[in-house]
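In what follows, a single structure is set out as structure tokens and then discussed.
For clarity, chains are labelled A, B, C, D, E and F in written order, and residue numbers in each chain start from 1.
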Amino acid sequence: MASVKPIPYEEASDEVRAVYDDIMATRGVDWINAFWQHLAHHPATLKRTWASLKEIMAPGELDPLTKELIYIAVSVTNGCEYCIASHTASARKAGLSEAGLGELMAVIGMANETNALVSGLRVPVDVRFEPKER
Amino acid sequence: MASVKPIPYEEASDEVRAVYDDIMATRGVDWINAFWQHLAHHPATLKRTWASLKEIMAPGELDPLTKELIYIAVSVTNGCEYCIASHTASARKAGLSEAGLGELMAVIGMANETNALVSGLRVPVDVRFEPKER
Amino acid sequence: MASVKPIPYEEASDEVRAVYDDIMATRGVDWINAFWQHLAHHPATLKRTWASLKEIMAPGELDPLTKELIYIAVSVTNGCEYCIASHTASARKAGLSEAGLGELMAVIGMANETNALVSGLRVPVDVRFEPKER
Amino acid sequence: MASVKPIPYEEASDEVRAVYDDIMATRGVDWINAFWQHLAHHPATLKRTWASLKEIMAPGELDPLTKELIYIAVSVTNGCEYCIASHTASARKAGLSEAGLGELMAVIGMANETNALVSGLRVPVDVRFEPKER
Amino acid sequence: MASVKPIPYEEASDEVRAVYDDIMATRGVDWINAFWQHLAHHPATLKRTWASLKEIMAPGELDPLTKELIYIAVSVTNGCEYCIASHTASARKAGLSEAGLGELMAVIGMANETNALVSGLRVPVDVRFEPKER
Amino acid sequence: MASVKPIPYEEASDEVRAVYDDIMATRGVDWINAFWQHLAHHPATLKRTWASLKEIMAPGELDPLTKELIYIAVSVTNGCEYCIASHTASARKAGLSEAGLGELMAVIGMANETNALVSGLRVPVDVRFEPKER
């Protein structure tokens, strides 16, 4: 059970509905996933979080699928099941193949392994890795 | 200071040198970064880790730059400074622009934020996010 | 399913019951929540953990509600669902409003985001933040 | 060394200076700490992060000192040294006593301990902790 | 629900069956646990992960039970429920007593607590803890 | 620099000195490492933490070296450098060989990798792993 009561569209205030409408329009979907319905418990957080996410996940130097893969990498490392499920669904929708998902998981697993090895051995940063132009 | 003594090329055994040689040949570089020099303290781990990393980071469904970005996302979330420094250097070498680095950090930051919101609100996974073909 | 069998009051040893009795008396409740029933599997850990928690969560420089909010912040960051549920219940009991819960989550989310940005950019600590009186 | 070059006020664009000016005015300080100078590498992230932080950390249901304590709890749990240093400085400025800092750390430590115990024992959430009004 | 479809023995390719057969033979069991069935979605990851695990968990300087305890310590700290359940089962099979499990959890809890205290107080490493022979 | 001022023996109160004396007597050493000197900033936390640690790390079902290895596993996973350095020193003193340290790191690395794979694939717990006697 969640910590707060989700707010479905029909029970939402005009302020919340405006955010829901923008989410559906931006994503081309006709439903609001649970994350936003729970955030709606605190409208200021709902509005700010959506505005930030919309700006950050828009195509830019990095394409939308790459951004989804980055999102999944963070979510797996944090063990956030909801986030893994939702962004894996988004990544598949954005074109991630099953083999690509396998590679993604392999990279995430390997990174967590070598992060631990580096941490455990207390490896100092190589000077050559530092940005030069200073 | 590190937990173990790093092993430079000139002091390495033949077994360790063979790994060092393959690292340099595969990457087209003429030096061995500190991570491998510290892993060499336990040759079995050096060999296995390099074999795994070489296989996982090779081009496949995901291109090498994308894999570096995923690596950075994990490393930032774990707070592994060495890993952030080394993979940011690799990502720049693989073509990541400064604006791309900014977007990468924005996505990583946002993902950590929404992971926390989801966790705190205990949001249940939407049925629509579950893979269908079962 | 849990890793160990919980021990309800009626099946508890005198040693465990003494802790249970103190928990109920201290908190003014008439039941023992699952955390303690599972810890009772190892009585030494039950006793020590309760003694520590009782001392730490007592009113002091920080009031009990503030301590609950700190507890939730840690639990959300670690993704500990049980801990989030139990301390959110305690915080509500101690007077946390629904709007306050929303603000709490917003701060926790933001902190996780900026922690990641700081980690990713490897920001050095400003000298001005260091305590002066040394 | 940081991953990107910090941008001091005198080298900043008008867009960045506007954010810097608002930070100094809002906080009543005459300098820009390193976090913002590094975020300025990507102006969109600087602007959005400051706008969010300003909104979230403003007095509301929770007072500013309480928000700083929550921030520290997250930062300690993530092991973000910069964040611990900067928010501990802010908390002291907002009135946190040395004994209060000691209590804060005790609560954070205890929460990390019981989070681990709960996770290791796989304790199921008590029904009584679930919000009732559903 | 899982992110990918598990592959039971009867539906597995020859390549996957070879790994499954080796897992069962090495462990002296007649079934394949869910971890491997889900990894089989990406055969290269299945093969590499099993080869690594088989090598790492074999008796060496550290005995198999000690290795299981280390595995549990990591899994609890990461909050990985599956991993806690599977390695706790393995540790019990390898001889861990119920009192030993209690002690294990106590150490893991304490370590998470003091890690947080060290992080929060920003304690510098004592020179005497550094390895000498350099 | 640390968040609080460490308190050396000669500047310590009688209350703090009593703890310091017990630490040195219990461990057979003639100095107080930085962790305790920083905890001494808040004597109640110093006393409680030492009492807990002394009880938990004493020989029991698990021997002292095994407990040190578990401590290191948690500390590496949390990326706590001080804790890694101090407990690696303790483990070496308790007899950990260099090859044993290599194996320890290999297990910790592997556990972090498979934790991530399990989390990313959302693997459900096998019924056979659940304790039976319920």
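We take it that a residue touches a chain if its C-beta (ideal position, glycine included) is under 8 Å from a C-beta of that chain, and two chains touch if they have at least 3 such contacts.
The structure presented is a predicted model; accordingly, all values stated were derived computationally and were not measured.
Enquirer: At the place where copies subunit A and subunit F touch, is the share of residue numbers found on both sides over half (same) or under half (different)?
Expert: same
Enquirer: Where the centre means the average of the CA atoms, what chain is farthest from subunit E?
Expert: D
Enquirer: Return the distance between the CA-based centres of subunit E and subunit F, expressed in whole Å.
Expert: That pair's centroid distance is 19 Å.
Enquirer: Measuring centre to centre with CA averages, how many angstrom lie between subunit A and subunit E?
Expert: 27
Enquirer: By residue number and range, which residues of subunit E touch two or more other chains?
Expert: Counting only residues that touch two or more other chains, subunit E contributes 1, 3-4, 41, 44-45, 48-49, 52, 56, 74, 76-81, 84-85, 88, 99, 102-106, 108-117, 119-122, 125, 130.
Enquirer: Show me the residue ranges of subunit A that touch subunit B in the complex, using the header's touch definition.
Expert: Per the touch definition, subunit A meets subunit B at residues 1-4, 31, 33-35, 38-39, 41, 45, 49, 52-53, 56-57, 60-62, 66-67, 69-71, 73-78, 80-83, 85-86, 88-89, 97, 99-100, 102-104, 106-108, 110-115, 117-126, 128-131.
Enquirer: Residue numbers of subunit F touching subunit B in their complex, please.
Expert: Within the complex, subunit F contacts subunit B at residues 79, 84-85, 88, 98-99, 101-103, 105-106, 109, 116.
Enquirer: Would you tell me which residues of subunit F are touching subunit D in their complex?
Expert: Residue list for subunit F touching subunit D: 3-4, 41-42, 44-45, 48-49, 74, 78-80.
Enquirer: Could you please specify the touching residues of subunit B with respect to subunit E in the complex?
Expert: 1-5, 44, 48, 52, 55-56, 125, 130-131, 133-134
Enquirer: For subunit F, which residues count as touching subunit A in their complex?
Expert: Spelled out, the residues of subunit F in touch with subunit A are 72, 76-77, 79, 81, 84-85, 104-105, 108-117, 119-122.
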